[in-house]
Each structure stands twice: as C-alpha cells, then as structure tokens.
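Each of the next two complexes has chain A plus one other chain: chain B in the first, chain C in the second.
Coming up: the complex of A and B.
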C-alpha cells in the first residue's frame, strides 16, 4: 500500500506542477493579448467610422471631427524607406564583415559595437542626431528622423546577418572555395544566399522596429499633422509620434484618433511579421 | 611526370605539428589512397594539395607541393583549385540550389562557358561522368537536398568535375553512406581514373584495398609507408602498417 501512496503523491505533484506552468504561461501572454484586444476594441470603431478618409485625411481641429492620419502614415512610410536606404547597406556589409573576419580586430570591434548599439537608449540616438543634423540645418527634417532610425535599425540587421552567416556549416564554405571561387563570390553568391532567410528576417525585424519607434523622432523628425511631405529637409510626421502627441491633448476626438492610429500601426506591424513567419521558405541544410 | 609531389611537407596548426616532413609522389591516372586512423592528419594533407588549408588562419605550411612539376605556391590559389577538384566527407551540395544549379554554379562563376546551350551540355556531361544523369535527368530543377545521401555525393562529384579539373581529391567520401551507395562511388572512382588522378582519403582499409592502385599509410602526421596497394597489404615493410591492416589498432 505504501507504494501506491507514493505514486499517488507523485501524480498529484505532477498535476500541480503542470497547472502551475500553464498558469504562469497564461500570465506571461495575458498582457500581449490585452494590448491586442484593447487596440482592436478601441481602434476598430474609429477606423470603421473614419473609413478611407482616416488613412488619407489630415488632423482636424479639436472638437467633433475625426479627420485622418494621412501625414503620419505617409511620414512613417517615408521614414522607413529613407532609413532603410541609409541603414540596410551599411548594416548588411557590417554583418557580413563581422561574420567573415570573426577573429580580426576590426571584426571583433564591429561585433562588440553592434551589440552595444542594440541596447543603446534610443532617445540618446535622437539627441545625437539633433546635435549633428537638426541644429546645423536649423530645422527638424525627414532626413534627420531617417538618420536616427537608421542608427537604430543597423545593429538588429547586422547582428542577425552575422548570426545567419555564422550558422552555415563550414563545409559549404570549403566547397565553394574548392570550386575556385573568389572570396567575394563565396560570400555573395553562395553563403549570403544560403543564409537568405535569416538575413531577411533581420531586415524585417529592423523595419518593424523603426516603424514603431517614437523617442528618436521627438527631436529629429518634428512631426507633421497637416502636411504630408514637403521634402526630405522639412519636418515629417510618423504614426507613433502622432499617437504620443495626441494622447497628451485634452480633446476627446484626438484620443479617438490616437486609438485608430494605434490600430493602423499594429496592422503595419502584423503585415510585416505574418508573411515573415508564413512565407519565407527556409533553405534546408 | 607525377600528378602531385610533396617535398619535405610540414603543416602546423599554431604550435601543433600535424604533418611531419612528408615526401611522396602521386602518379597520374591512378587511384591513390591515403589511409590512416582518425586524427592522423590525412584530411589536412589532402587540404594542402588545393591550398584549402589557407582558410584556416592558424595553419602554416613549409616545404613544397608540385602539381605536374609546378609548385602550387607559385600559382594563384583560384587557378589551382580549378585544376584540383574536391569532394568532402559529408555530402554538401549547396542547399539553396537545384540539382542543375549545383553543377552549373562552378562553370558559371568561373566563366568557363559562353552560352546556355554550352552550360546545359557541360552539366549533362558532368552528371553522366558522375553516373547520376539517368537518376536526375527528369528533375534537374528539384532542390539538391531532395536526393539521397549517395546521390548527393555523386552530385558533389559532378559539381567538382564540371570545372574540368585534372586531379580529384576525395576526403572520406563514403563514410556517411550506406554500402550500396559506397559501392557505386567506388566503381565510379575506378572509372574516373582513366581521365583524372584520384586522391582518396579513407580510414577504411578495405576501401583502400578495393580501389587503390597506390596506398600511403599515415600515422600521427608521419608517412609510415607508401607503395603499390598490393605490396602495402600483402607485404608491408613497416611493423605499424602491418598492425594497422591486421586490425590491431585504428
């Protein structure tokens, strides 16, 4: 009988443990679902009520009107595009360099620097860009915002690129060299292509990251609620920046616009991530 | 003239002395097997022949290696590697490429062909040479990773042949394969020696006995004995060779 008792006790212990694990897992994901739920719950009615005009229109005066977030939406796309133009080539080259020369001084320094940059407070990046671009140019501008975002994007893209390349078994590298390829051919025609999925993941994470940034834009892009795009040397809007500005206002319609803008931001975010998870075919090693 | 000659060849990884003063000749159009227990330096020796060792920053080489009489250290390593193809222990077709492109990538990047037709012909020729054509001709655009291990290894042989080398280095090419695939590759090697010089590294002495015309026995980086395979197996001059082939170690 003593044996049976022990087994019962162990079964009960196991059940308690499993219940605990499930409970803790739920606790961990509750905030995520709460965010998703509240953004949809509050944002969807706004989006439905505003219709297409919510995406294309400009900010109304305080009061009853809903207007639209057109300038911020355009601004977000312009900023993501410009920052990719600046940041991606440098990031890809830095990541490839760090993977290709892991023991050289420059390679190790690059990697260390990227890891520091990844954890760097983004508001300080904004301050830095303000010092070197906004103050000399005398105005907030799209290019300053894009530059700040590029600095934030680069370490993510570079580090994932480096990791994706380093994960490739060395036998493919040897095989490529044994065919008489130059180092550039080995890296760009073989290794980068094998690591394509990992690198693209890094690029998309970088894009999603900067699409949602607020702090680095505060002192650089300046924001714009009524003008869509006036040139890269003029202030520009961005959705996160708009949300940040609107919720500080005491007007009810501005709060509603902020919820709608939050939903649009989340949809952009999901639009980047869902295809990323579903579509990109992995190269089987 | 010999296909490959090594003269007082030494290889160091940092402080570690892994190839110790090896001098030997590899005649052309033979299967030359390099045999020895794991970790004896066979793979290192093989990788010195196409200067692939130079990918390892800690590797240092002294002495000389000649390819058809010319020192390989006077050659551009890329030109050398086009003349000395290599097949590796694990079948390693490029996983992102189709069967066709795995063979085509060498000639394409090395600009060995001028037209698509010429490339198609070369790919077909290489796949036939590697005894794989009949099995893959209807699915050339499938990913190479869909092939079985033995087929993948023959694809790697086709990939190496497509850049028209004179020497083919194989680093334990069958150690990851089943006996049937192994037998196919072995008979392929005997066929290929008519046109190429084959250097085969193996830790499997039966394999050396089956396919080798000449055999070198390496132990702890030293060349213990080299000669015609029949002599090495029937009448070894060194006690250690005899102990190895009679299965007393390794």
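Coming up: the complex of A and C.
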C-alpha cells in the first residue's frame, strides 16, 4: 500500500470509498425488493380475481378466463412428498456416516461428494433420470420427477445432518458410551435427539429447495395442466414447471396465470424459509 | 472394536448408494455420448454447427456456441457479483447498525434460496425490457462501433440479459462466503491497522487483501452456480446458435441448449447423444470448478487456523 501523506487526498478517498460501498450494497438488495414487489403487484390481482378457484381449478383455453393451477399445486405437494420418501432416509444415514467416521476414507469421500453434489447443475440430474427411468418406462412420471428431486435434496439434508452431529460436544458421546450403550444406541438414541433441531432444519431446507426446482422436472415429471393425479407412473404437474411453460406461450391470460402461480410458489417458499431462518443463525443454500 | 464395525457396516450401504448414484450418472453420460464421439470426435466441442436432419448421414452437431455462451454469461455474472458482494460484505460487517445486520443477511439468504423460476419470470417481464430500453438501445445507438455493443438489440434477449440476471442470482452465494471470511478476521488486526492511523478505506483494503483466498473461492462457486443455471437463463438468452463478441446478441448456454432441444431430440438419430456430450462437458466444468473452490476455501481455512 502506497502511503499517501496528503491528509486531504486520503479523506477524499475515504469519502468516495464509503459512498461506493453504500451504493453497491443498495444495488445488491434492490433486485430482491423489486422481485418481491413485481410478484405481488402482478400476482395478487390474479389471485384475488381467481379466488379459491385459482388454487383448485384447471388451466383454461388460451386467451380467455383465468382458470386455476390446481394440478400443478397438487403435483408439487406429491413430488415433494415422494422425493422425501426416497431421499430423506438415504441422506440422513449418509450424513450420520460422514459425522461418525470423519477420518475414514469413505467418510471423508462422502462428505466431499455431498458438497460437490450440492453445487451440481440440476439439469444434469434431470437428463440422467430421463435416461434411466423415463425411457425404460416409456412415459414421464411422478416417480421419475420425485427421484430427480430426491437426488437434489440429498446433499442439503446430509450435509446439515453431518454438521449438526459434529457440533455436539464429545462429552455427551462419552457419557452415553460410559452407560454401556452400543454405538448404534449412542447415535440414534442420544446424538440424533440432541441434534434434532439441526437435522430438522436440513430437512426443511431440502424441502424448500426441491419445491422450487424446475430444471430437473423438465424431462422427468412431464407436466400436467388438466389432470390432478393419475398415479405415480403417470405424468404430473408442478408449479415451477407450469410457470416455465406458460411464460413461453404468447397468450396474455397465460402470463397472468404465470404471475399468480409465481406468487403462490413464493409464498410457499417464504412460509417455510422465513420461520426457519429467524430461528437460526446460518442457513446454507 | 468389532461390535462397532457392525454398526459401520450397516450404515455403509446408504453412503455407498450416494456414490452409486453418482457413478451411475457418470456412466450414463459416458455411454450415451460415446456414439457422437466416435462419429465426430472432438469436433462436437470445437464447431458451431447444428444440423438436425431426418436423414442420419446429414446430421452434424457442434456445441461450441453453447460452451461459448455459458462462459460468456457466467463471466458477466461474476464481474457483477465481485464488486457487489465485496461491498455488501463490508457494509454488513463494518457499517450496518447492529439492529439491521441480521435482516441484511436474511435478505441475501432469501435471494439465494428463491426458486430460480421466479428470477426467470422477473427476468422476462421486467429485467429484459428495462435493459433493452435503458442500456442496450442507448449504447447501440451511440457506440455501436465498439464490437461489444455492435449487435442491434432487437428483442433484448441476449448474453447481457442472461449475464445480468445470473449476476443478481449468484451475488448472494458469493456474499455468503466473503462475508463469513471478512467477519472472521480477528478484531486485533483491525485495531492494529487503525492504530497505525489508517483510514477506513486503507484498513479495509488491507483486510480484503488478507481474505483473498476466500474471495477467489466465492467467485469460483458463483461461477459454478452461474454456469449450471438453466431455466432462468433459457428464458432470457434468446436460444440462438451464435458466437458473437457483442453483449446484445442472442445466444445459447449448455444448459439452455439441453433444456430447449432435449424434448424433441429423440426423433433424430444422433441428437440425444450430442446433448449428452454437451452435458458431459458441463459435468466436468462443474466438477473442476467445485474442486478448485474447495482448494481455495481450504487454503483460507488453513491461513485462518494459523492465527
């Protein structure tokens, strides 16, 4: 650092620096407020006009009424539920493994792999699941969509589980062992219960994450705008997928539905995320 | 020790399953792209040709335009994210009153988690028209002799739109890494710097230099997120096979190419394979970027533990 002994020049630099930091910081969060504003501004009238029918109805023909996003809403809940059934057990146990055996080769490798998977392009997961499930089964299906989402959910849940378990002071573990518990009992009866909140956080982050995913569903879930649920081996809708498809249509009423659906999706996300975040210091996404 | 190992072995299948899925994924990408590699060789990555034809002999695919677009838009994104995330970290840690500090962090956390399709719809209906009217058209009208601004912004869907949207989307990820590192710098360091009579600017400059590995890691992670993002980008990039130096030209990215073409790829003989090859390149770019980011994060952690 070249030291400048001219006091005035240094103070001017200081002023410019502070102004720049404030300006750039404002630029950082303006988009968030503008996005929240735009979604409410465009989505709320749609929701109010459509009423309860907007949540339960089906997609109207192009260019006419508002209809509803019922099948997509049902689909999102079905997909999140199914993907939790597949992904959560694997993720929780993989997380416990990485926490229990942090020095073993597989433990370290698991942790690294999970962190890599966390940052992985989600479209690649969709393409993969299409090739191994959709093509052999011959149709888009709820189960294929759920499997893709489960792969995306796993690293979030597993990494948070691992971190929650690692934070427990070793004295608890020692105390449990000294009572004569086996390792399985120590982990499942003592440590998991202490880390309950941390683990639950991971699960909720995982759910919030996959509820908003679009790319992995493009070639797996298939989408559905008229049929609510036809079985796990049939195509199914999802709100993000519906928004993606509607934006690309030229019809004005479809764009309105897309805004309404965005508001619903955002409210679902905020309803999970805000309470979670307020209870916690740090959340990893 | 033996009874403990039984526990280990009972957990093992689940960890193995995670590896199994990953390995299977790699296998699927390799086997499916093998066909196009044996047909075209490296040309799939080095040419910008997209000939889909009913007759298999005439088909030829080169995804260079998509690779170019992915890199171009991601570079724009981190050029935006770099100054903003550093400034925001400084603001949150040093300037912001204690009461709003927490809320400022929550704001970026929400941005990081917000479903990407919401960025997409906002990008299409708000950001693109804004950039077209207030940025692209004035620059094109006055400065079109500069190659960067040489393409007429007809629709507004362009590298710039995608890059700016990505920049907004990845800034919170970069901020999280940089802010944590900036906060970790021991208070005694700051005191020592101020004791030398440094102004805030000079002190911050020293500390920013000190956390450089964390900043690099944050940028690499942001780049990785940007290059993998699909739906928001595919809605604003214009989806055109194009290699242009101009910011205002429409283009493709690897992920938007897959999103756009995969649905109808099955009617052609080789297109599926070509798209898997494109996916494979994204796979390795993603892997390399993540390993690099972990390397820099570890370097930062090690330098931190020496304090």
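Heads up, the rule we're going with is that the second predicted complex is superposed on the first by the 250 of 285 C-alpha atoms of A that agree within 3 Å, B and C clash if a C-alpha of one lies under 4 Å from a C-alpha of the other, contacts with A are read in each partner's own complex, and residues count from 1 in each chain.
The working rule: contacts are C-beta pairs under 8 Å (C-beta built on N, C-alpha and C of every residue); 3 or more make two chains touch, one makes a residue touch a chain.
Predicted model only: the values in this text are computed from it and were never measured.
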| item | value |
| --- | --- |
| Chain A residues touched - chain C or chain B, whichever exceeds | C |
| Partner chain(s) touched by A:49 [first = chain B, second = chain C, both, neither] | neither |
| Contacts of A:182 with chain B and chain C, given as first, second, both or neither | both |
| First (chain B), second (chain C), both or neither touched by A:108 | neither |
| First, second, both or neither for A:226, with chain B first and chain C second | neither |
| First, second, both or neither for A:173, with chain B first and chain C second | first |
| Chain A residues contacted in one complex by chain B, in the other by chain C | 182, 283-285 |
| Chain B - residues contacting chain A, complex | 50, 52, 55, 57, 78-82, 85-86, 88-90, 92, 94-96, 105-106, 109-110, 143, 145, 156, 159-160, 163 |
| Chain A - residues contacting chain C, complex | 1, 10-11, 13-14, 17-18, 20-25, 27-29, 31-32, 34-35, 38-39, 42, 89-90, 93-94, 96-98, 100-101, 106-107, 109-110, 112-117, 119-125, 127-128, 130-132, 151, 154, 158, 182-184, 187, 205, 208-209, 211-215, 218-219, 240, 243-244, 247-248, 255, 258-259, 262, 265-266, 269-270, 273-274, 277-278, 283-285 |
| Chain C residues within the chain A interface of the complex | 3-4, 7-8, 10-12, 14-15, 17-19, 21-22, 24-25, 28-29, 32, 83-85, 87-88, 90-92, 95, 104, 106-122, 124-126, 168, 171, 173, 175-176, 199-202, 204-206, 221, 224-225, 227-231, 235, 255, 258-259, 262-263, 275-276, 279, 282-283, 286-287, 289-291, 293-294 |
| Residue ranges of chain A touching chain B (in the complex, touch as defined) | 103, 169, 171-182, 185, 189-190, 193-194, 196, 283-285 |
